[in-house]
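Note that chain A is present in both complexes that follow, paired respectively with chain B and with chain C.
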Partner chain A sequence: MRKLYKDSLLVFLRSKNLSIPYFALLALTLAYFGFCFNNYLQYSEIFSVAMWLVRPCIFLIAFFIYCSYELAIKMYDNNMVEYLKIYGQGLWKAYGAIILCLSTIVAIPSIMFFAFVVFMYYYIDVYYLPFLIHLMKLSVLYFGLSFIIGMMLGTAMAAKLKNKRLAVYGFAVIFMLLNTTFTEAPFRIPYLLFNSYRTERMLYYIKDFLTVVPHELGNNFTIAPIYGFPMEPIRWILAVFWGLFPLTLILTECFNRKTKKALIAASCLMVLLVIGLFSVRGSTLIMDMRVDSYPFADPIYYMDSPREAYDGYEAGFIVEEYEMNLTISNELHAEVEVTIDNRDLDNYEFTLYHGYILMSVGTEDGEIPFTREGDYISIESLNGADRVIFKYYGKSPKFYANRQAIALPAYFAYYPKAGRTNIWDLDRYGYVVNISPNESDYTVNIRSDLEIFCNLAGSNNSFRGKSNGVSLFAGMYEEIAENIYAEPMRSDLPKREYIREAQEILIDIFNRLERPEPESVILFSDKRFFQMPQNFSLNSNTDDTVVMSDHITSVFCNNGPELAENIMESIIKPKANIWFRGGYLSYLFNRQDESDPLVQSAVDLNLLLEEIDEWRSLAGKFSDMNGEKRKNVSEKDRATRIADERRRYDINQIVNEKAAKYLFYESPRKEENLRIFFDYFTSESEEDYLGLVERLVREELEHDRN
Partner chain B sequence: MIVINNLSKRFRKKEVLHSINLQLENRVYGLLGANGAGKTTLIRCLAGLYEPQHGEMLYNNEPIHKSKSFRQDLGYLPQAFGMFQELTLYEMMDYICSLKNIAKSKCASEITKALTSVNLENKGRDRIKTLSGGMVRRAGIAQAILGDTKVMLLDEPTAGLDPSERARFKNTVNALKKDRTILISTHIVEDVDACCNSVIVIDEGQVLFNGSCEELRNIAINKVYMINEADSDSIVGEKFILKINEIESKIFYRILAKEKQEYQSEKPNLEDGYMCLVKGLA
Partner chain C sequence: MTKRMSEKMLSSLAVAIMLIFVLVTSINAASHTVYIDEGDGPVQSGSITATNGANYDGYNSSGSGHRLYITLQSSSGSGWTDQKVALMDIGQSASGYSAVSGDLLWRVQLNPQYAYTDCIGWGTISNR
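Right, the complex of A and B next:
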């Protein structure tokens, strides 16, 4: 075999159409490493470098398809197959030698990539072992197995399609395109034609099955350091499958009919098995433009669902105790026992995110009937029991829980929460922060290969304590300082001094407002701090920073002032437009941009009042507009509606920015206005904030006239 | 010895070989037949490339598909033969030695022997792409005899060769035929005449003749006539014009006639015998 291998290698090296491009590729790879290294020197973002590194992966795979096909096809081009077949397993030996030779060809760039990532790891000087392991796995899976897939596909196409180069390169191009974001536009066509996402989902299902790269060419989403590159078990299974399946195709060419039949049967079984496993792949982090991708899945789901408003909903009971037994494998499998304080209700309502499939609800006496409607579970009677056991499994597109990473913040209903609460706020475009006003006793036991970090005390993935929610994080995640948990590979790591500074700023702010500090702010610097993945704010405006009874989750913590402002934002209720609230906070924290023309010019109060009226009139036109009605608007009305909406959007920003600027910066009564609005934002008042703005502005106008 | 009993091969509905019965001993057989007669199919069945629907093929009383010795003893030159263009002839022979599981220690001597047999001993260092078509054919024979093969199946070995290469090929076969069973498929009768001891004529998947060259020639005794063009209408019974010659401005026909004619018959050659068979004039 060594001789055959050596000769195959000689054939490769002496073929100008193979060796010249190959050595050019090696040279280009080295140059590309230089580019990536330079990128790190400029920006010091290791994940950005890693993303650059994996981007050309599909080109390398395509190159290896070309190399392997052109090498293997030489046997057919030179009419060798017929006589090779008659020597005992001669063709298989020849293929074996070619595969071995190609493995060597592939191994060189693989080793180069591996060496480069290891070099980068030591160069960045972080010494976080899970990251090194992640990089090594990345190299094996995407710079090793993926290249082998290219090699095997090329060889298999030579065996099966023989000299039909057009078909071979056609398939190769399709394969390449399926590993890029090129498919976004064509895959959206069925939706545009039939107004249904079903076909798009099916097309993406097929695309995912063929995806062999970690980050598609053209994908501009960043990689979350807690999660890293996708390397869930299904990715490994797919990689092995795409390596073995072509091998079975090659073998069918090499053996006689009986063995051929057995091989076909084996490959069919393999296909069925992998499709089966692929269908139950569970929680994965999808980041592209498809409808199921995490930035869009929930917004689209809740936009299409009828609007529900459960603000102020009273459950009628409190969950005193949670006993949670979670298994986090490819997705979340949970058995959650809740103890409630009120046995006498006719109906019990719970909220559990709709992505979790409820298998049963029961008490100690057995299963009890329930109804599930989206995010809500209704139980008619507990038959006097005070303990309810929920068994469910499933996933959320955003709040993942799998073998690679876990990000389950306490405010997300991944376990049953008392009563009906909204999950998504359409108006503010973000997740509703669902925190219980009451603390419960939690016992949480988790079966997972990952080391999980939780706001409760405990070790070995078992936690216990009292809180108003349980947050779970795992992956490339660490306790980087006492009670501060973060993704060590991020450059904007939280620090204890930032948190202390934020607390001091907040105390000053409350002194300025002449208001007592809320409970959540008192000693918050002693709470456990969990840094959330940076890209979590991609699809949500509402949960950047959430303060819970014993811990804080925050996406950003670059400095004290920013954190203080984020915490204040989480304290005040979302009762005003985002521009107005943003303005309020920036003036409250003296963060206004003095060079901004708006800040420099004086607000014309009469014009402001006129614009408020105009905005109200435009807003009235769309108050009952929902997704369904939007679809049914006639062509004639569409242009008018679009123009009105554009004007409303423009005027909305102008009105809110001007109002905030005047009331909290320009007005002689600005301190009082800040207090009035603080009270308004923290009260249960349902008054329209623009009404309050209007009232205050008119009062000032009156005052000026007098 | 190879024995073929009742061999049939069908491709979908088309029966290409129909109940073939043959016995092949240590000699050179010419397998003659028109294009599409089933020659290549028969050779491929013997080589194990096709699985026949019916019948059996035995090598030394052992079914061919189970016989390890047949695999070791078999040398095969397909109709379309080629080698890695990037390798030298010697490297390619070495490559085939590995495929044939020839012991490493014997490879060098086997290659030298094989290349010498086909007069290519001086071309070992040349890349395959620099060899002529005839040389590649001879290299094909060399690869077939590597490992001292006892059975050689040569499918259309002379197709596309110029006369001098064909002559060289015939010499090569004559040099190799000792203690070997060689089956040469061809539709060029002269080649068979030059180097085969026996002839098998196959037509539409059936064996029409199996015997010596002399026997095939004898089939045409008293059936070959050289007549003037003007006399061609006087031929009695079925006839077939083999050749039209111009001698001293006169046109002569070489004719095969089923019945005895009043003209002087010619001495038949192998082609005459073959044509008698395939044209149903025997």
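Right, the complex of A and C next:
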């Protein structure tokens, strides 16, 4: 065997079509490490470096498919197989030697990647053990097992397809494309043909099964440090499967009769087992363009659902106490007992995100009937009981909870909340900050392998306390300072002084506005601060900063002024266009760019009023436009409408920026205007903000004339 | 011969200056708008530089055939990263901001859903 192994290595080294590309690849890998290291020196973002390292992974896999196929196929090209089969287990020994030889060839770049990753860990000077473990796992899965998969697939194709190179390289190309974002375009075809998402889901199901590089080539989405690269248990199971399954195929070529049948049976069983495990894989992080991915699942679900608005909805009861027993394995399994204050209602409504499958609802006396419609649970009667027990399991594409990480903020309905509340705000394009108006007593016990951080007091994944919601975070996440929690590898870590500075700035702003500070601002710096992953705001305009009764979640905390502005952004209602609201905040926080030509030139108020009139008249033209009307308009009317819309869009930014600049910067009554608009932004008033702008500008013009 | 050479050099210099001017003004501009029309696939706006994030705004015309994605992208010099994504229904707008700090380039991308090419829309990127 040792001789066979040495001979195989010699064959590899003497084959110029294999050895030269291999050594060129090693040299390129070294040069690539130089590029990645330079990337770190320039931008100091370790995850950016890791993403660059992972990007060419599929090309390396393809290269090892080529090497292994071309090495193994030499036996068939030189008609050696028949001779080898004459000897007892001769072919198997030959394949064994080839696999050992290929393992050596694969091991060298794997070790290089591993060494570079460990070097980078020590170079960045973070010294956070879970991150080192994550990097090591990344090396094993992405640069170890995936290379072995390439090697085994190439060898298996040589054993099964023999000299049919067209088929072999055809499969290799398909395999490569399935491990990139190339599939986005062809996988849309079923929707175009059948107007249904079902076939697309099936195609992605197959793609996921064949994916050996979870962060695929072409993916532009960032990696959240709390989660890291997707490496859930199913990814490891699939990696081991794609290493072992080709081996069984090779073995079926090496043995005859009974052994061959046993091997075929074993490989079939293996396939069935892995498909079974794959179908119960639970929560995995999916960052791509499909309809059930992290960025798009919820927006598409709620856009396609009938619009329901539950503003001002009264549940008729409050939850006084929550007792939550959670198990977080591949997904969330929960048993939540709620104690309510009113047992005399005919109907009880609760909100629970539709991704959680409700198994039963009961009281101490047993199960009770319920109906489930999307996010809502209706219970007719509690038979005099005041405690309701919900048992459910499931997942959310964005608010993940699995063996790798947990990100369940209090404002998301991952546990039953009293009454009917919206989960998604179509107008704001974001998750509704769904916090209970009253505080409840919480007892939370969690079974998980991860160390979980919570806004409530406790330890060992058991927490207790009074709050208006429970947030749970775990993964590469730590308490980096007293009551400040963040991903330690981030370069923009929050600091207590930033939070204090933000509070002082906000108090000054409220003094300037002559308005009382909200309670949330007064107690702001005493609250627990949870920095959220950067991609939390990827698909939502509401997750950037949320202030709750005892804790804050915020994506960014680079400095005090920025945090103060983000908090103010979460306090004011989005009742105006982004350009006007952005202008309001930048003038309120004195953040205007003095070199901006718009800031330097004076606003012509008469022109502004004309533009507002034009904008409003154009907007009025489309206010009653709906799908039916759209279909029935003539081509000429359609062209006119598009031209009008374009004109409206073109003046939209100008009008809003000029209005904000005049009212909050140039106007002699700018302080009063800031106050008027603060009241407007925090009120329930449904007045059009441009109407208010127009009124204020006209008043000033009138005042000037007098 | 010398005259021809100097003419060539002058014209090359003029082209180079124009190119530099166009590139510099497009990068330093405070806002950029991109239009997507029928027959277009994904389109990107010009880039702006910003240190404390960017605002974006988009509109999917009522004359569009399908929904339109708007993506706010940033780059530190080595590839573009999606910072915000939103799906705009026909006749609807989307807007927002990203507070990612650092010396970054920013742009918006408009991309019709399901690779259709019947969308008409507009997207704007601007400094915060």
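Here is the rule we use: the second predicted complex is superposed on the first by the 641 of 706 C-alpha atoms of A that agree within 3 Å, B and C clash if a C-alpha of one lies under 4 Å from a C-alpha of the other, contacts with A are read in each partner's own complex, and residues count from 1 in each chain.
Here is the rule we use: a residue touches a chain if its C-beta (ideal position, glycine included) is under 8 Å from a C-beta of that chain, and two chains touch if they have at least 3 such contacts.
Given the structure is predicted, the values throughout are model-derived calculations rather than measurements.
The partner that reaches more residues of chain A, of the two candidates chain B and chain C, is C. Of the two partner chains placed by superposition, A:Asp425 touches none, neither chain B nor chain C.
When the two structures are aligned on the shared chain, A:Lys3 is found in touch with chain B, with no touch to chain C.
Shared-chain residue A:Gln42: touches chain C; no touch with chain B.
Applying the stated contact rule after C-alpha superposition, one finds that A:Asp375 touches neither chain B nor chain C.
By the touch criterion defined above, A:Arg638 lies against chain C but remains apart from chain B after alignment on the C-alpha atoms of chain A.
Contact with chain B, but none with chain C, is seen for A:Asn79 once the two complexes are overlaid on the shared chain. For the contact definition in use here, the chain B contact set and the chain C contact set of chain A share no residue.
Listing the residues of chain A that touch chain B in their complex gives 1, 3-4, 7, 10-11, 14-15, 74, 77-80, 82-88, 90, 93-94, 256-257.
Contact residues on chain A toward chain C in their complex (touch as defined above): 39, 42-43, 45, 48, 52, 185, 188, 191-192, 220-222, 295-296, 299-300, 303, 429, 492, 534, 537-539, 541, 544, 555-556, 558, 562, 566, 577-579, 582, 586, 593, 596, 598, 622, 625, 627, 630, 638, 641-642, 645-646, 649-650, 652-653.
On chain B, the positions that touch chain A within their shared complex are 47-49, 51, 65, 68, 71, 74, 76-78, 80-87, 91-92, 94-101, 104, 140, 143-144. On chain C, the positions that touch chain A within their shared complex are 30-31, 33, 35, 52, 55-57, 59, 61-63, 67, 73, 76-87, 89-91, 94-102, 114-116, 120, 122, 124, 126-128.
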